[in-house]
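What follows is a set of structures for review.
Two complexes are shown next, each including subunit A; its partner changes from subunit B in the first to subunit C in the second.
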Partner chain A sequence: MTDKPWNNRAWFFVLPVLIFVLFSSIVPMMTVVNYSVQDSMGVNNFFWNGDSWFRDLLDPSTEMGARFAGALVRTFVFSFVALAIEIPLGIGIALCLPRRGWAIGPSLVVIALPMLIPWNVVGTIWQIFARQDIGLFGAALTGLGLHYNVTQDPTSAWITIVIIDVWHWTPLVILLSYAGLRAIPDAYYQAARIDAASRWAVFRNIELPRLRKVLVIAVLLRFMQTFMIYTEPVVVTGGGPGNATTFLSIDLVKIAIGQVDLGNAAAMSLVYYLIILTGCYVFYTVMTQLDRRRDS
Partner chain B sequence: MRQGILPRFALVLYLVLLMLPVYWLLNMSLRTNTDIMSGLALWPHEPTLEKYRAIFSDPAWVHGFGVSLTYVAINTVVSVTVALPAAYAFNRYHFIGDKHLFFWLLTNLMAPASVFAMPFFNLYYAVGLFDTVWAVALAHCLFNVPLAVWILEGFVGGVPREIDETAAIDGYSFPRFFLRLFLPLIANGIGVTAFFCFMFSWVEQLLATTLTSSNALPFAAVMTRSYSASGMDWSMLAAAGVLTMVPGAVVIWFVRNHIAKGFALGRV
Partner chain C sequence: MLSWMAWTWSTAAFFGFVVLALVILTLLAIYRPEMPRKGILGFPTTRGDRFFVTMVGSAYIFVAWMRFGGGSLYYPLAGAVLYGIAMFRFA
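Then we have the complex of A and B:
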């Protein structure tokens, strides 16, 4: 990658992309910045408000601050729990997939299917599936004598949202891990067989290191997506019961559209966006550094 | 790798669990509402296609389906077209600010749609695109163009640079080389990228519903109406849900062997 020639005319190739993304990114972003320093009184009546939205937001003793902190903690916990389940499960299932044979094609199609369902339909599917009266999942849990009610009980709501996310996105981890596993040459496995290595040793010393790169991509994508989760909880729980499943993006839309409190919502958007950016930047940098150190 | 009984069993179990909610939706869609409310049934005892017929004879549903497919198609074509030269440039050349530009593109993939919903509404309203398929197609470029650049860059990297040099020596002009020689070489990559653009545009609903009201209401948003119209029309909702899965299931079959590489953003 170091021997690429310098050529600033390459900018002309990038220009179309720049125009399209700028139109959809900078203009709305500046609108958000603009809102975040103003207060609105009715339609088109704005006042300069300085940084007070931000000060409120970042101070947990204020009402907005407490609300923001609550949503932030919930979102982080959700991201962590979802990743902690999806990554190991995804690797596990990928190891179970056959490396060749007729069954691969259909299996991959079935595995990928949940990701191709519009997000609000995913919500609808689980809204029906989790109901105690007409849903198999809800009815089965109630039948087992468990106290399960998505709209009334916070624990049920949380478990359901996590299960939905696992159902919806573990396939991404599986496909990535599978692609990584397939790239391992057979010679590695033959060598392991000669050494009479145990299954665990094969996994620990051959497969896992080779999967590192795809797992980085998986963690990065899944962190971003879980941190932005919106549609599925809105359809299934509406952020409730109470505030139990009100994640950041849900709270944001509640404030921006529900209460038409644009200043607050905009300040919140910016802080939210910065957190995601920082998280991903740190992660990305750390991983590329590690890669470089290993290569040299 | 050797395949024991246990992995196979685990795989089948996983696939069954994965399909269970989808099966349940299908089951619901083939029953009537009175039948659904009268109790659980593991399969439809008196299957009926009544709701599917109702959807196909209602112009609002059909229109919604057309709208969804139209903006997805526009978005896919635009995203892939503008991303191709950019992906080539990022892979083949150094230029001022290339690394920063690349990371900035990625940050747009991470932009939560909920942050942009409100300003997008204002922006597209101001330029007179509100409630058209173009609004949704353009808005989805926000994340699909960077995604396309990222995936295609990986595929471009798979083509040896010697090919570019040989073509130049053989007297190919750059546009002729790019269109005649280079594009066919990354045809797989283009297919996979188009699939991903299709996929993310098809599943995104928050922006799509924010930017439309009646003329260009996407299919999945028409579903929301069946909530309020007459209580809960469960079987209608289920039938519509099943229909939204069909386009995805069809296109996925064509890229099944390359899909993993696409998810790895062309980097396996």
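Then we have the complex of A and C:
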């Protein structure tokens, strides 16, 4: 007879993964923490620097602080804009999809296609697509007389990056919403028909509340992904023009690998990591709570 | 062998504390099993959850302290300890 809620011995099976994670994540992270409190002069020559890197980074009046604050704001704005477009658009398209008949399969496959393309390929596709001379998108906009130039005009660069993300990841929101819509029992719609509910009332009172769980998943997942965006802007704009599309991840790579400024980069990546970690924890907690509520 | 990791006494002490805490939490989980309980965070937490929330919250306390130009780091340390005690007690 045991008073344990479950047998914990199964955790030993996780040990190989733990060892792998130790070398792939924990040892590098410990090294980053070590770098963040030291200054390095050449190879393996480190001097204690205390918390100065962090104070520099967190004070917007310093050069590094201004850079970090700018990249942080840009990253948050990008996440917000991408979410504000992708979530309503995804729900809207999911509502238009057929619910029965032969068309379901082909529509879902076509919608899922962009998600299957790797990030750097997406970037390359759009880099060519957005060119003014040979790119269909860029040439068409220029032909219409619009001022569109990804490499020189910040607005064009931003619009392009947002469109790329919307094109690449709205399908995820669509598929999640569609799955949520399909899970609504027909009885709800029948009741709505008996009450002669309008289309808007059906959406507002039946579909949206029943979609809440999948939308929470979609919002958190998309937030984490947009907050870590790296490949598309690097390939398409290289973080420019100027630093208009330099998001946190891009700036971090520039400081760490471009300038080999280990102390600054380490401090920056730790603060960045803290934000991501908080997001992940919220995501994990919400997911497990939703599961628990469903089980009970 | 480990020179590239650039260890310092302070960071080693920090990670030593984290490892020690994880070992203690593991031993507690084996010899004093618990059920999650619901506190001020609004969702059921175990000791591990409360430890995690303490660590992340403490990091924010330090970041906020340095962001607003505070002096010695012993003040946010005291704040983090108080915060941790509160989390373990009420979360």
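In this section, the second predicted complex is superposed on the first by the 262 of 296 C-alpha atoms of A that agree within 3 Å, B and C clash if a C-alpha of one lies under 4 Å from a C-alpha of the other, contacts with A are read in each partner's own complex, and residues count from 1 in each chain.
Everything that follows uses one rule, which is that a residue touches a chain if its C-beta (ideal position, glycine included) is under 8 Å from a C-beta of that chain, and two chains touch if they have at least 3 such contacts.
Owing to the predicted nature of the structure, the values given are computational and were not obtained by experimental measurement.
Figure out whether A:Thr31 sits in contact with subunit B (first) or subunit C (second), or with both, or with neither.
A:Thr31: touches subunit B and subunit C.
Which of the two partners, first being subunit B and second being subunit C, lies in contact with A:Asp59: first, second, both, or neither?
A:Asp59 contacts subunit C only, not subunit B.
In the superposed arrangement, does A:Ile134 touch subunit B (first), subunit C (second), both or neither?
first
Applying the document's definition of touching, compare subunit B and subunit C: which contacts more of subunit A?
Subunit A has more residues touched by B than by the other partner.
For A:Leu277, is the partner it touches subunit B (first), subunit C (second), both, or none of the two (neither)?
both
Identify the partner contact of A:Ile257: answer first if only subunit B is touched, second if only subunit C is, both if each is, neither if none is.
first
Taking the superposition as given, does A:Phe80 touch the first partner, subunit B, the second, subunit C, both, or neither?
Neither partner.
Indicate the residue numbers of subunit A shared between its subunit B interface and its subunit C interface, in ascending order.
Common to the two interfaces on subunit A: residues 4-5, 8, 27, 31, 35, 277, 281.
So in the complex, the part of subunit B that touches subunit A is made up of which residues?
Touch residues, subunit B against subunit A: 1, 3, 7-8, 10-11, 14-15, 18-22, 24-25, 28, 36-37, 40, 42, 78, 81-83, 85-86, 88-90, 92-96, 98, 101, 103, 105-120, 122-123, 138-139, 141-142, 145-146, 149, 199, 202-206, 220-221, 223-224, 234, 237-238, 240-241, 244-245, 247-249, 251-253, 256-257, 259-261, 263-265, 267-268.
List the residues on subunit C that touch subunit A in their complex, please.
3-8, 10-11, 14-15, 29-30, 33, 35, 43-44, 52, 56, 59-60, 63, 66-67, 69, 73
Name, in rising order, each residue of subunit A that touches subunit C in their complex.
3-5, 8, 27, 30-31, 33-35, 37-38, 40, 44, 46, 48, 51, 54-55, 58-59, 271, 274, 277-278, 281, 285, 289, 292
Along subunit A, where are the residues that touch subunit B in the complex?
4-11, 13-14, 16-18, 20-21, 23-25, 27-29, 31-32, 35, 92-93, 95-99, 105, 107-121, 124-126, 128-129, 133-137, 139, 167, 171-172, 175-176, 178-180, 182-183, 189, 213-214, 217, 224, 227-228, 230-231, 248-250, 252-253, 256-257, 262, 265, 269, 272-273, 276-277, 280-281, 284
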